[in-house]
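Should a chain be cited, it is by its letter among A, B, C, D, E and F, assigned in written order, with residues numbered from 1 in that chain.
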Amino acid sequence: MTYLQNDLAQLATVSTATITMVLLKHGLRNVWLRGTRPLGTGQHRIVGPAFTMRFLPAREDLATPASLASGRSTRAAIEDMPAGSVVVVDAMGTTDAGVFGDILCARMKARGVAGLVTDGVVRDVSGVLGTRFPVWCQGTAAPPSVAGLTFVGWQEPVACGGVAVFPDDVIVADDDGAVVIPKALIGQVIAAGADQERLEAWIMTEVERGVPLLGLYPPNADALARYAATKPGI
Amino acid sequence: MTYLQNDLAQLATVSTATITMVLLKHGLRNVWLRGTRPLGTGQHRIVGPAFTMRFLPAREDLATPASLASGRSTRAAIEDMPAGSVVVVDAMGTTDAGVFGDILCARMKARGVAGLVTDGVVRDVSGVLGTRFPVWCQGTAAPPSVAGLTFVGWQEPVACGGVAVFPDDVIVADDDGAVVIPKALIGQVIAAGADQERLEAWIMTEVERGVPLLGLYPPNADALARYAATKPGI
Amino acid sequence: MTYLQNDLAQLATVSTATITMVLLKHGLRNVWLRGTRPLGTGQHRIVGPAFTMRFLPAREDLATPASLASGRSTRAAIEDMPAGSVVVVDAMGTTDAGVFGDILCARMKARGVAGLVTDGVVRDVSGVLGTRFPVWCQGTAAPPSVAGLTFVGWQEPVACGGVAVFPDDVIVADDDGAVVIPKALIGQVIAAGADQERLEAWIMTEVERGVPLLGLYPPNADALARYAATKPGI
Amino acid sequence: MTYLQNDLAQLATVSTATITMVLLKHGLRNVWLRGTRPLGTGQHRIVGPAFTMRFLPAREDLATPASLASGRSTRAAIEDMPAGSVVVVDAMGTTDAGVFGDILCARMKARGVAGLVTDGVVRDVSGVLGTRFPVWCQGTAAPPSVAGLTFVGWQEPVACGGVAVFPDDVIVADDDGAVVIPKALIGQVIAAGADQERLEAWIMTEVERGVPLLGLYPPNADALARYAATKPGI
Amino acid sequence: MTYLQNDLAQLATVSTATITMVLLKHGLRNVWLRGTRPLGTGQHRIVGPAFTMRFLPAREDLATPASLASGRSTRAAIEDMPAGSVVVVDAMGTTDAGVFGDILCARMKARGVAGLVTDGVVRDVSGVLGTRFPVWCQGTAAPPSVAGLTFVGWQEPVACGGVAVFPDDVIVADDDGAVVIPKALIGQVIAAGADQERLEAWIMTEVERGVPLLGLYPPNADALARYAATKPGI
Amino acid sequence: MTYLQNDLAQLATVSTATITMVLLKHGLRNVWLRGTRPLGTGQHRIVGPAFTMRFLPAREDLATPASLASGRSTRAAIEDMPAGSVVVVDAMGTTDAGVFGDILCARMKARGVAGLVTDGVVRDVSGVLGTRFPVWCQGTAAPPSVAGLTFVGWQEPVACGGVAVFPDDVIVADDDGAVVIPKALIGQVIAAGADQERLEAWIMTEVERGVPLLGLYPPNADALARYAATKPGI
C-alpha cells in the first residue's frame, strides 16, 4: 500500500462533498458511487481500503443454495477480510436479491470490518440494523443472493454504482453516500481536504452574517485575504 | 382455498427472507414483489390471501373524475374485500398517480383488510399514515389515480413488482418488502419456515461468540449436530 | 403577475392532492413534478411563485470549478431571487451531482426564499438539513454541480420532473411532493380548493362512522344533501 | 360493434400520423403504442378490431413447457381469433422472451388474422419473416414465451406500449407504428381523417413550390381559401 | 463565429470516430449525442453550425393544436434557420411524439438546412424519407409534437442526447451518429483530424497484411517511422 | 474442454430458438444475452467457445489514450484469442463508447476469430461492416472505448446482456441474437437440438396444410405418432 492507516485517520474529518471537489480539481469526475446511501440513521463516516467482491447475474446451474457452502462463496471472502477494510460489493445494481443478511453482517463486524458499500441491497433489514454494522446500499430485498446473483470472486477490480474500484483504493462513506479515492491520490486529498473544510466553514459564517455569494464562494482575492486574517498563526 | 386461516397465523412468525429461501429450494426465484416497501415506520408483518386489483394506463376518455362513481370503480372493489385479505394492486409501477388516499385506506381498515401492497404509490401520505392502515408501496404522489391510471377490475390474475399474483395466493409483507407464496406451496413453506428461523437464530448466536462462517452457514454435519444438541426434546 | 401574495396565502391550507384533482377537472394531467420529495422530516407546506434555474449536462470545457465564479453562475442567480419565491431547478433528473450544498441553501434562506424544488439532488445533506431551508429533491450526492452539470441561466421556462414550469407559475409542495399551478388557473384553484378540502374532511368522518364508499366518495345527490346540512350558514 | 367492416376500409387510406392528430383534437393524447415498430420492411398498413392477449411475468410453477398444451394457452387463443382482427399482445414490454415464433404466426395467417401488434418481441425472426404475416413489435429474442412470461387470457382489457386497449377498439399500424382508436370515436376519425390527408397533401405541394410555413401550416383563412379553390366541385 | 464555412468543409472528410478521439485528447469525454442515428440508409456525412431548438414536456394548457400557429412555434423557428446549419432539437429523449413530419422536413430542405439531429423522433417516416432531408433521430412516432411536447424557443443552449450544445458549436453526423465540436476547438480538430485519418488508414493496411496490434495500434516509435516512410514528401 | 470442435459443428444447424427451449427444459431460464443483435444483414450463425473480455466504467486516471498501448490493453487480449472462439465483451450495456472499431475487427478476423458478441456497441460502423467480421451488439457510437470504459482483463467470468458467461462456455448467435450454453450441457443440447428442429419443421408443414394448433404444438400422442410415421427409418 502507498498509504498508512494513520493517513486514513486524517480523512475521517473530511466530508465526501469536499473529497469529490478535490478530485474534480485533479480531473476526476467519475468517482461517486451512484445509488448507495446509508441504511441506518446516524451511521458515522467510515474510511478504509477497499476490499472488493464481484457478483454476476444468477445462472440456475451455478447460483444454488448448495453453492453457498463452496470454497469460493461469499463466506470464504468474508473470512479473508482484513480489519479496517471497507467492503465494496459489485452487485451490478441488482435490487431484487440481497447480497448479505444479518448473519454475514454480524460476522463482518466481528472481524473488525469498517463497513459495507454496495450498489445492491441487503436482506433481513431489521436483523442487519440490529448488528449495528455500517451499511451503504440501495435498499432491501428478502431473497438470498443466489436467487438473483452468482458470486465469482474477491479482491478483483469491480464496478460499483457506475465507478471502477480497485482493491486498496480508499473508500469514504458518509451521509451523502460513498466516494472512491484512487490509491495514487490519497496524499493530495489529505493535503487539500482539511484546508478546504476550514475555508468552507469560514464561508458559512460569512453567509450567516449576511455576506452575498459573489466574490465569497468561491472566494476572490479580497475574501481570501479576510479569511487568511482569521487563521491563527498566519 | 387450500389453506386455513390458522395455517396463515403460523406464517406470521416467519420472515420474508426465510420464505424466499424456502421457495428458492422449491425452484421459485421470481416471487419477490420489486419496488414495494413499508410506507410507515414500525408496520408489523402482515399475512393474508391476495385480493387483486388491476389498473391500465389512463386513457382520457375512460380515466375521468366521473368514472370514480361507476359500479366498476376502485370503490366497488373495496366494498367487495373480505376481512383478513391483503390487497395487491397492479399499478404497472406507475409512480405519478396515487392508487389510494386517506379516505380509501380508512375504509379498507374499517372493513378489516390486513394491508395494501402495490407497485404504485399512494396519495395524501400524511392522511394515509394517519389511518394506521399498513401500506407497502413505492412512495407517494398527489395526483388521483384517474390522472394516470384506468381501473379495470378485481380478483383477476395481476402483475405486481414484476411478479404474477393470483387471487388466493398468500402474501407476506414485512420490513424487507413483500413476497407471494403460491397457494399450492403454503403447506411446505409453513413446514420449513419455522425450522429455518430457529436454525438461523442458533447460527447467529454462534457468530456472536466468534465462530467463523465456513461450515457454519450453511451448516455442515458437525454444525448440525451441535445445533441438534441445543434443541429441547431432541 | 396575475395574482397577489395574499391569494397565495389561501393556498397554504390546500393539499397537493386536492390541487391536482382540481387541475385534472380543468383538463390538466401533467402538473405533478415526478421524483421530488421532502428532504427533511416535518417540512411545512410551501407556496410561492416559481423562480426557475436551468442546467445542461456537464461539458468538460464549460463545467469547471472556475465557472462557479462567473457572472452567470448559480451564485448570481441566487442573488437575484426575490423573497417568497420557490426555486425550481431543472437538473434533468441528474442524481450524481448536487445542485446546491449547505452554503447556497443558507444564503437562499437568508434572502427569504420559500424553498427549493428540484428533480436533481443536493450535496452535504447534513449541512443542508442544518440550515433548515425547506428542500424537495430526489436525494443526495456529494459531487459539486460542475462535476455533472453546466448551469446556463435563470427565469427561463424549464422542465422539472417531467413537467413544464414557467417563471411565475405557482408551486405548492408538501409531504406528497410538488405541483405546478399555471398562472392563469390560480384563481380557480383557490376557489375550488378550500371547498374540496372541507368536503373530503366530511367524507372522512362519514367513513370513520362506517358509511360505505358507493354514493359517498364521490358523493351522490343524497350525500351532498347530508353534507350541505352540516355546513354552518347554508 | 359500433362500426362496420367497410367503415374500417376507409381508414386504410389514413396514416397513423393523421389519426393521432384527429384524436388529439378530441382530447386524447395517450393512444400511441410505444416501442412497437414494423418487423419486416414494406409491411402494408393494417386496420382491424383489436383481439387482445394478456401475459404476466413468468412464475416457475406456472410458466412451463407443459403449460403450452393447456386449454388456456396462447394456442387456444389463436384458434379463437376472428379473421380480420389485429392481435394486440400485452407482454408488459418484455424483450427477453418471444411471444410467438414462426409456427404461431403461420397459423394466425392461415386464420386470416390481419396482423400482430405487441410491446414484446417475437422469436425465430427469419422464420416469422418467412410467413409474411405482418408484425409490429420491439424486436426479437430466441427464448420461448414461457421462459419469461405467463399467459393468462384473451379478449380482456390490456395495456400495450403504455396504452389501454379494449377488445373491439380499432388498431391501425403503419410504418410509424401503431395507434388505438377507441370504439366510440371511429366515426369521427373516419370523417376527419380523409379531409386532413387531402389538406396536408395540398400543403406539401405548397411547400414544394417554396411557400413559407407561417400561415400555411396550420393554414390561416387565406390559405384555406386557396386550398378550397383547388378542390373539385367546391 | 470563430470559424469559416470553408474550415467546415475540411471536416467533411473526418469521421465522428476520429473527431471523438481528438476531443478526448483535449479532455472532452461528453461530446457524443446519445441515442441518435441515421434515419435513412446511405445518408452522407453532414457538417455545420448548430441551430438549436428547445422543447419542454407537454402541458395541456400550452401544447395544443392551436399553438402550432403561434409566432413562437416550430414553424417560426424553421423560417429563421440559415442555410448550411444543422438543426439540433432537444426533445429530452421523448420517443412518443414526433418533433417534425414530412412537411416541416421538406421546408427545411427548401431553406438549405444541412440536416436534423434530435434525441427525439420524427413522424410520418415514409413522408420524411421521401423528402430526402438527412435526419438523425431515435426512431419514429406518429403523434404530433404537441401531443407530448411544448416548444419554447430556438438558438438557446440545449441538451441533446445527454450533451450540452450551444448555438454555433459545430455538429458532425455520419453513420455512427452525431458529435458536437465546441466552437473554440474547431481549429484543433481540423488540424489533427486529417492526420489521424491518414494514420489509421495506414494501420489498417498493416493489419490487413498480418501485422499484430501491439506496437502498431497505437503505433510505437518504430511503427511511426515506418508510417513516415510511406508519406509522400516527408 | 469437455467438448470437441466437431461437436460444435453439429450446433451450427440448431437455431437459438431451439437451444433456449432445450435449456429451459433443463431448468435454465437466464441464458439469453439481452440487447445484442446482428450488426450486418445476412450474418451467418456462429458457434464457438467463449473468449471473455471485461470492462469497467471509465475512470479518468485509468481510461486514457495512453492506456491503449499497455500490456493489459484490448490489443493484448486480441493477440491472445484462439481461432474459432467467440469473443464475449462485457461492456456493462454501455452504449456511448465503442468497444472496437474497424482495425480491431480486421485483426480479430485475421486471427480466425468466429465473431464478436457484446452488450455494448462498436465504433466506425461502416469500417466494421467493411471487414465482414460478424458482430452482435447494441448499435454504434463513435467515441473510443477509453472515453467511457476501463479495460481490466480477459478470460475471466463476465456478465453480458444480464447473463453470466464463463470462458469455454459455448456461444451460439444468429438472427435472433445470442445464447450461452453452459459447458456441462453441450452434449444434451446437441442431442436434443437436431430432433427438436426436425419436429418443428414437420409441425410447420402441418400448419401450412391447415391443421389447428391444439394437440399439434406441442404435439399430443396422436400428433407424435403421425410425426413418427414421417421419419425415414423409424
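In the analysis below, a contact is a pair of C-beta atoms (placed from the backbone, for glycine too) under 8 Å apart; a residue touches a chain by one contact, two chains touch by 3 or more.
On a predicted model such as this, the values are computed, not experimentally measured, just so you know.
Visitor: Trace the shortest sequence of touching chains from chain C to chain F and report its length in steps.
Guide: The fewest steps needed to get from chain C to chain F is 2.
Visitor: Give a one-word verdict, same or different, on whether chain C and chain E use largely identical residue numbers at their interface, taking over half shared as same.
Guide: Same-residue interface.
Visitor: Could you work out how far the Cα centre of chain B sits from that of chain C, in whole Å?
Guide: Result: the chain centres lie 32 Å from each other.
Visitor: In angstrom, rounded to a whole number, how far apart do the mean CA points of chain A and chain E lie?
Guide: Whole-Å distance between the two chain centres: 39.
Visitor: Whole-Å distance, chain B centre to chain D centre, using C-alpha means?
Guide: Going by mean C-alpha positions, chain B sits 36 Å from chain D.
Visitor: Quick check: what residues of chain E touch more than one other chain, meaning two or more?
Guide: 27, 29, 31, 58, 60, 162
Visitor: Determine the shape of the graph in which chains are vertices and touching pairs are edges (line, ring, star, complete, other).
Guide: Basically it's none of the tidy shapes, so other.
Visitor: Give the pairs of chains that touch; include all such pairs.
Guide: A-B, A-C, A-F, B-C, B-D, C-E, D-E, D-F, E-F
Visitor: Taking the touch rule as given, give the residues of chain C at its contact with chain A in the complex, in rising order.
Guide: Going through chain C, the ones touching chain A are 58, 60, 65, 68-69, 71, 75-76, 78-79, 95-98, 101-104, 106-107, 110, 123-127, 139-144, 146-148.
Visitor: Would you mind writing out the residues of chain C in touch with chain B in their complex?
Guide: Checking each residue of chain C against chain B gives 15-17, 19-21, 24-25, 29, 31-32, 34-35, 37, 162, 174-177, 179, 200, 203-204, 207-208, 210, 212-214, 217-218, 220.
Visitor: Touching residues of chain E toward chain C in the complex: what are they?
Guide: For chain E paired with chain C, touching residues are 27-31, 56-62, 92, 150, 152-153, 156-159, 162-164, 182, 184-185.
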